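Okay, got some structures for you below.
Two complexes follow with subunit A in common, the first pairing it with subunit B and the second with subunit C.
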Partner chain A sequence: MSDPSRAVAAAFPARLLAFSGRRQGLGVNIALALALSIVCAAILIALAGRSPLAGFLAILDGAFGSAHQIGAALNRSTPYLLSGVGVAICLRAGIINLGAEGQIALGGAGAAAAALAIPNAPPVVAIVVALAAGALAGAAWSGVAAAIHLGRRVHEVLVTILLNFIALLLVQQLLAGWLGQVGAGFLQSPLMPRGAWLPKMPDFDAHIGILIAVVAALGAWFLIWRTPFGFGLRVAGASRLAAAYAGFSRSQLTWGAMALAGALAGLAGGVEVLGIHRRLIEGFSLGFGFKAVTVALLGATEPLAIIPAALFIGFLETGSLAMQRQIGVPTALVTVIEGLTMIFVLVAMAARRK
Partner chain B sequence: MIEFLAASIRIATPILLAALGGILSERAGVFAVGLEGMMLVGAFGATIGTWASDSAYAGLVLALVGGAAMGLVVSVVAVRFRADNMVTGLAANIVALGLTSYLMRIIASSGAPIAIHNTLLPVLPIPGLVDIPEIGPLLFAHPPLTYLTLILCIALTFLLNRTQIGLTLRATGENPEVVYASGLNPLLVRMLAVIACGAVAGLGGAVLSMQQVGTFTDSMTSGRGYLALAALIVGRWTPWGAAAACLVFGAAEAFELRLQGFGVPVSSYVVQMVPYLIGLAVLAGLGRNSRMPAAIGLPLHRDR
Partner chain C sequence: MPPLLEMLGIVRTFGAVRANDNINLTVQSGEILGLLGENGSGKSTLMKVLYGMLPPDSGDIRFRDAPLDAKSPFDAIKAGIAMIHQHFMLVEAMTVTENILLGWPGGGQVLKHKQMAEHIRQASRRFGLDLDPDARISALSLGRRQRVEILKAILRDAELLILDEPTSNLAPTEVRELLDIMRRLRSEGKGIVFISHKLPEVLDVCDRVVVLRAGKLAGEAAVASISREQLAEMMVGRNVPMPRVTEGEHRRGALRLSVRGLSATGLSAITFDLRGGEILGIAGVDGNGQLELAEALAGLRPVTDGIVLIGDHDATQASVTARVEMGLAYLPADRSHTALVKAMTVFDNLMLRDSRRPPYGTRALLTPKTGVARARDLMAQYDIRAPGVDFVVGQLSGGNQQKVVIARELSRAPTAVVAHQATWGLDPGATRFVLDQMIALRQQGAAIVYISSELEEILSISDRIAVMAGGAIAGVTPNRNVDLRQIGLWMSGRHA
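Take a look at the complex of A and B:
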């Protein structure tokens, strides 16, 4: 097993490096891509008849102005980091998993259901059980996607997108049924028992989710760069033929990567529910799945680089609320920046590959 | 029953237009994940154009131009720069979502989305034919863009199967080398196909905002672009196949609306899943039998 893998690695060093994200210059290109989308944002702010400088200052103020705001920004980054790392693991193997949206929603539902099922559990147990249930729910849903993709050879993008819609409706159905709070007026679950609330960090409004997320990113880095499974992922991403020649099973790699991505996305949903809302709310994670793809790309699918990427998006979004409040520039601007950044990063990565 | 079938047609129309655009793109070898964003920009352009000029024609033009502009962005990134088709489409959808809701808000300069209420395009009964009992009101009493959709369906079938342009387009999706050999530039063919895809999908968005809602709301396409993507695959990349698939999706949604109307004790959330479940089931059922264009998603190099 190890001999052919080494042979393949020797035969395809350039391709592997191209996907490593370590290649010199890619960082510069991504920084350029980011700068370009910020220039576009400035133009859009000017189009609204506001000063771009005032807009960016308001964003900075809103993101870093106080410990409270920094905490809020860290909380916002947390689910993006967790699910983004999962998406990146898949992308490494050339699997385009756009299913984080549904996996996060079901992860939140799983965590909420578990926490509500054990109301008298001691705090640590309640949190661990709830988060594990969330991860399990997310992994189960991505498992469905993997099964249809591998079993019936349907493209993973289609499967995961269609499953997203079904998952969101499934969560709504749960909230309208046995997980919902009767008489709440809208779709939400009862409040979690106190023991399941994620503790906050001292002096910050941030809950400990960001620490879990950073540990997950470090774990993913180790997995990708220091384990045979991770090597298999990288080889498969660089060349499916090479992976097959080296004896890596495509279905095993896909099952593994999808399960990990689903578990991380489910964990993201669980952390969001236990840390922020303390109950399951309809649409609590709307759009998170696509942010996951954004940060995975912005971090060039390198787990350690996804940490700053997720923080950037989290702080940007938190700051944009202040921008809307202070000078009346709509927060939708951030969505434009995110999309444009993705496009420019895609171009930057493609330009390197020439 | 007539009412139910008419509702199915109404719901299917915008999805079918997007799917027709998607067929152009995918037959030329570019995955059409960006349909959702193209529709959204089309719906936005149609609303703003009609509102600003008081003319439905301006709305249509802006829908076509807006959709084509999204197509241009996708084609430059995915074809010229050879980025991954799927992720490019997703990114374009995010840009469209953000840009349309941002622009809706800065037009009013109050920070709230501007309130626009355009009159819907009128129903145009076709004289004579509409009087046929049962079938008449079902098939010949629709707003103009619905007829246009049918015409485009016929035209696209003809274009793909009976013209030189169609042959070149299909060759680009199946075997671009052949197109090189015949002295044409498959890169250009792909880019034009994606831009045309954007224009047609933009028209699909215009159906929503000009025939059905009368205004633009944030992410008003709500997944129809993705359904169109499923429909064109289920329909095996043919206009009539996609039309059949869209009608099935439309019927599923119309059925759901009727269930709600009758107060049948079936959860509406479960019923809403039906179009997606059908899409997934058919895709899984087709499985390896569904042969996609051979060179779809594969990057082209200019210097070959």
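Take a look at the complex of A and C:
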């Protein structure tokens, strides 16, 4: 094992993030953390010379003001929810997977390539094939990370982060090459065939991605709480020694958790491409990977709690656009709120371990 | 002249356990005191009390003719006491000088690198440490790193050095050099407490020995006036025998566990046969291959050579799960991280190794309904005192935690059992419970490997006794008219 990877391993509180037992009061702590970060945001808005109340009202208006706004917020939450659930599955086993970003990007590329390859397929087939291809591409990428981590004993944080850069460059290369649209001024693919577009929900601007994501979260809940594999993940997250004693192979758990996380992230990429952009665009997934971690932690790695966590971030970000328009507080404030929330949530978790 | 260190009537309890029961200990300047005792005899507790890591319940400590009330190791260091731990506290990427300067007292002053290097050179010459101030720690052997720790203590003007098992990681030549360094320190008037299991070293370098047993002072003697045999006996002790369960010829069942030339890291060529209804007690000072043997039998440690048969099955390369299915139960010594997941519930811990089998589940799915019912039954059957199956195991008492492990492992009706330090940290009642369970299982025809550093327990429940030393079996004897002195000698590594 190389020295930097040890340093990274030491710097990341894996134990802190990998909870397996009961979490009495954790919900209360997280709610407190959220409240605190909102108070801090209010102070920041006030310092900027604006009324915090007006700011929050603008956010609420921007998020819930119309069916269109709600739809946009739901769409925004979708990739966060999908990839966040994947990150949470890994965290349950004590694996810190920071590779959602790259997995989402490749998932998008996989979905786009598949959809473009079968332009005349009937709608349902086109969507299923494209999303499956996206999930597969994401899982393949996280599989690379798992292989390096297990085979060469490099810390998973390093592997997954570094593979993000390679994935983004790969997508760039694909767009500059055979997936790219000839003559476009921007690195992007041609438009997807219509049959591959994700249908919208009636009366809403939201595509059906959010439904897929909620089903995925329910599935993850079942996996974690109702299968021996999920039990193994929880045991391994609490104690690797106990997992070995219980007969759970560390490499099998790691392969499984990473493949699932990659597939979910890839699905997120596919949903984003088929549902929003309808083409593969360079950088479409920028920042999603770390939002996935935020959402997983905010939901305390509990799949059912990640649903509201992802919605919270999605609505907050959508609403912040209105705040910027209406009272001139930049949307960057939302990034600050997210960062503060993360810090407070981590503090709340650390406090519980005392 | 008053002694350098005087500890009087030290008492320290953990719950019902008296880890230190009215212990007196003195160390003179220019004296090397050997502190001996089995694991759990109270040595570490006593030293932690001295070093300010644990407050005593009662008792007085005087150091350099003044009361010492160390609230933390900082206070102890400031007073002139230095503890050299088994695991060194050094930054590998830095040089010797830089490590010594780290945390150097008198903060705020400019650190004089050159001056310190010169100090180090001088002290190194004076005490025969042979250390280069500019050498990087990562380039030094374990023996040299230990000397850096000793040097740190010397340069901080420590008058009393506590060396906790300092020879356990050293090569034989390094051990000799360390003993020489200790003699030089003594001739410079330092007091030394030398904690060790290794009798030859203790007899070689110490002036006096103090032996602890079960938290009490078991004996004290000048080294000149005591033989190795006497010392061994003093350590092992002749306790009041527990009711002897094993009398006369035991019923011999079928061959349940057969081990031939089993070798692994830290384990060399272990061989024994065990029939149903037989308990093989494995005695020995902790750290002589017991953990390695237990893990190799359980499938948690790669085997480099040899064969393990569980019943008729060749288990040498079998997985942990396969061994469980062959009928092997394993009670690990490490209860907090291996045998149990403390953050999880009683239910989770009861199904820890059985989640893929009924009633807890199938290969693909958990079946909580039948699983919880089984867990409730086990709680009642094994008298696990917890508010419910959803209670977190970490909040149970030590005895109840071990009951969870025993309930899980023994309710499977195993044909072979490996139990390692199964009564460690338990009060007498819980200890008795564990022993009774072993005896009941023997009655039912299981073969049991009972590994313990508590000789008394081994004597009370074993049919045969094997003693481990240095990763091998030093001797085996039937449990009849056992010569305790012989056992003590085997433990200390001298072969018969």
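Everything that follows uses one rule, which is that the second predicted complex is superposed on the first by the 333 of 354 C-alpha atoms of A that agree within 3 Å, B and C clash if a C-alpha of one lies under 4 Å from a C-alpha of the other, contacts with A are read in each partner's own complex, and residues count from 1 in each chain.
By our rule, a contact is a pair of C-beta atoms (placed from the backbone, for glycine too) under 8 Å apart; a residue touches a chain by one contact, two chains touch by 3 or more.
Given the structure is predicted, the values throughout are model-derived calculations rather than measurements.
After superposition onto subunit A, the modelled positions of subunit B and subunit C overlap sterically. Of the two partner chains placed by the overlay, only subunit C lies in contact with A:Gly247; subunit B stays clear of it.
Once chain A of one complex is fitted onto chain A of the other, the partner contacts of A:Ser66 are absent, as it touches neither subunit B nor subunit C.
Once chain A of one complex is fitted onto chain A of the other, the partner contacts of A:Ser239 are limited to subunit C, with no touch recorded for subunit B.
In the overlay built on the shared chain, the residue A:Phe231 is in contact with subunit C alone; subunit B does not reach it.
In the overlay built on the shared chain, the residue A:Leu169 is in contact with subunit B alone; subunit C does not reach it. Of the two partner chains, subunit B is the only one that A:Phe290 touches; subunit C does not reach it.
A simple residue count on subunit A separates subunit B from subunit C, and the partner touching more is B.
Within the superposed three-chain model, A:Leu44 lies in touch with subunit B and out of touch with subunit C [touch as defined at top].
For subunit B, the stretch among 56-64, 146-154, 164-172 or 236-244 that collides with subunit C in the superposed model is 164-172.
Residues 19-22, 225-228, 230-232, 234-235, 238-239, 241-242, 244-247, 249 of subunit A are the ones touching subunit C in the complex.
Subunit C contributes residues 298, 300, 319-321, 324, 330, 332, 334, 337-345, 348, 351-353, 355-356, 361, 363-366, 368, 390, 392, 394 to its touches with subunit A in the complex.
Across the interface of their complex, subunit A is touched by residues 31, 33, 73, 77, 81-84, 86-88, 90-99, 101-102, 105-106, 109-111, 218, 223, 226, 229-230, 233, 267, 269-270, 272-273, 276-277, 279-280, 283-288 of subunit B. Contact residues on subunit A toward subunit B in their complex (touch as defined above): 44, 47-49, 96, 98, 148, 151-154, 157-159, 161-163, 165-166, 169-170, 172-173, 176-177, 290, 293-294, 297, 324, 328-330, 332-340, 342-343, 346-347, 349-351, 353.
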